[in-house]
Amino acid sequence: MSAPSLVSTRNLEFRFGARPVLRGLNLDLHRGESLAVFGSNGAGKTTLLRILATLLRPTGGEAFLDEVPLSARAQRSHLRRRIGFLSHQSMLYERLTARQNLHFYARMYGVDNRARRCAELLEMVELGGREDDPVEEFSKGMQQRLALARALVHDPELVLLDEPFSGLDPRASSRLGTLLQDLPRRGKAVLFTSHHLEMGLGVAHRVAILSGGSFAFDSPRESTSLEGLVAAYASLAGRGA
Amino acid sequence: MERLDPMLRTIELVLFPVVAVLMVACLYCIFCVVPNEVTMGAVQRIFYFHVPSAWVAFLGFFVVFVASTLYLTTRQLVWDTLAHAAAELGVLFCAIVLLSGPIWARPAWGTWWTWEARLTTTLVLELVFVAYLVLRSQAESRDQAARLAAVVGIVGFLDVPLIYFSVKLWRGHHPIVFKSGGGEGLEPAMLKTFMLCMFTFTLFFSLLLALRFRLGLLQEDLAEIKDREMSPGA
Amino acid sequence: MPRWLAAGREVAPLNATPPALVICVKDLQQELKTRESFTAAFFFALLVQLVFSFAFDFQSLGLGFQDVGAGVLWITLTFSSILSLQNSFVIEREKNCLAALALCPCDPSSVFLGKFLANLIFVLAVQAFVLPISALFFGYDLAAVALPLSLVVVVNAAGFSALGTLFAAISVRTRRSELLLPLLLFPAATPVVIWGVKATRLCLAGRGLEAYEYLVGLSACFGAIFAVAGVLLFDYVLEE
């Protein structure tokens, strides 16, 4: 590969007790590239994201952001400033308004020019006009878009999203999909997990299937047909965890 | 873990007969050698078990503190297993203190329970470390149990002197138990028996700790085997 | 090198608000909006006083507030604080904001300090309303001792909240957090309760500050010890 990848893992391993979740997983993702990761429940998708988000430490191997190991303690906050993470829970304070939520996280990340950044993001996720409503009054799709804005508040280079489409109706999904397609154009590396093969294939540059603790299938979108992906998924995802 | 197991077995094999003999010797000394205490009479003899129990309970909590610190710095689960074992023994010996105290207090002071400083401290510590054990049982995963329990183990131990000091300020007077006759200090036989009991209890505690530690390691092996069978791909 | 040393080397930008303050302000914002912690703790405090006066029939026993006030105050404070301590981390757990806090580039100790500060403010706010009411209930002239009594309450509440914040963060991670927190906190907080009661009793009896300043000092030490413990250990609590 020519340009160095923004995020990479070498022989990443994770055990939950004695149960191996990830076994020798290798991954490379460049700036401006997006990757959709599929896999059955318990295949380790969330674990992978949580490791890349520095929320979990791998039990073996190492993950790098721009060649800096994620385990480097002294670099921790520097690394964290460059990573945005959208978990399958919104990480929003439901009683606070959309604006208060964004401002809170912007302050926590030490974002300059907070008011402008937050207004920009709210505009981007199409929540302009609703910024002073409490989050608990938002629909699931709106919450998810606000959660995305939250994950992007510090303008991270690596964006990790865990099941961003789950629980969204088709319209909300396609709005979110458009946003996700836009991120690589802004130079971000995007990695998201999904159960929705078609949606994932439509949004990402690359698709991969996590099976048996590592990527059993990894292919660029251009050379992958939906039928091929479905067939590969059916044959791989059933096998072990 | 492979090296620990034989080591613990050896400790158990050596300590078991030693503790057995010493324990009999202790009982002999307590009932047949030492003289009756002048003011309190025969019931005072319970202190040959009461005080050593308190000592090993504190020793147990100290082991929890050290093992917890080591766990947080090294992240080796064996340290957590050791901390767990020590905490259980600490709670056990605290319970012995709390049971033997009233047995003595009833005839000596005419009351089962007294809010006396050391007894109260023991009760509070017992509660702190029972909470520690409850926390372990309520955690969501093994690692989490280890991490959170280690924090409580450290905080709990830091709390020991504070609790003792505060309770003492609140309520004083612990009986001076080992005093015979005219105030010239401890009767030699009493002192020797007391020291023997302290020594025996320390070894007894070590033996139990080795047993409980090894049991904990075996439990972990078992969990690992079960886990492996549950996930066929492994 | 210990992790807390390595993590401590991070330097925040000079112009930024300290993260601890940001978290504290966020908690206050949320509380002002819902008032759920305050309302729950306040009414619980009143209920405790009610049960207290039923349990010990002060009027017929001829007891005054200076006799029982210290006990009433500390039972009320500790029991009602449990509610707000618990809630302070339950709101973080609801949508997994705890993980978001763990991922913020600040030192984990800032999260502890921010939550501690907010909790202390909640406890004191509740007391500011409860104390005058209990003085009314038990017919006592509070104004005479208001200043020294506030000192005792603030210092001891700080100690209780420091340990309480650490333990609440621990218990919220477990399956039965609401059962665990009182179990962990009450025995471990014994010293600060004992010193608090003793100091309050001397204070209500109209004794000068010099009669109990050593107790206030001891409680301050307790608070300092566990605030430092919280700062050093919170990283391990916050970790997933």
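Residue numbering begins at 1 within each chain, and the chains themselves are lettered A, B and C in the order written.
Just so we're on the same page, a contact is a pair of C-beta atoms (placed from the backbone, for glycine too) under 8 Å apart; a residue touches a chain by one contact, two chains touch by 3 or more.
Keep in mind that this is a model prediction, so the values were computed, not measured.
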Quickly list, by label, the chains bordering both chain A and chain C. B
Select, from B-C and A-B, the pair of chains that is joined by more C-beta pairs in contact. B-C
Compute per-chain Cα centres, compare each with the mean of all protein Cα atoms, and return the closest chain. C
Of the other chains, whose C-alpha centre is the longest way from the centre of chain B? A
As a quick test, compute the distance in whole Å between the mean CA positions of chain A and chain C. 38
Nearest whole angstrom, what separates the Cα centre of chain B from the Cα centre of chain C? 32
Centroid from C-alpha atoms only, then distance chain A to chain B, rounded to Å. What do you get? 49
Touching chain B in the complex, chain C uses residues 2, 163, 166-167, 170-171, 173-176, 179-180, 183-184, 186-188, 190-192, 194-195, 198, 218, 222, 225-226, 229, 233, 236-237, 239
As the complex stands, chain C meets chain A at residues 3, 6-7, 9-10, 12-13, 16-17, 19, 22-23, 26, 29-30, 33-34, 91, 94-97, 99-107, 240
In the complex, the residues of chain A that touch chain C are 50, 53-56, 73-74, 76-78, 80-81, 83, 85, 87, 89-96, 100, 104-105, 107-110, 134, 150
Interfacial residue positions of chain B with respect to chain C in the complex: 72-73, 124-125, 127-128, 130-131, 134-135, 138-140, 144, 147-148, 150-152, 154-156, 158-159, 162-163, 165-167, 169-170
Counting only contacts in the complex, chain B reaches chain A at residues 141-142, 223-225, 227-228, 230-234
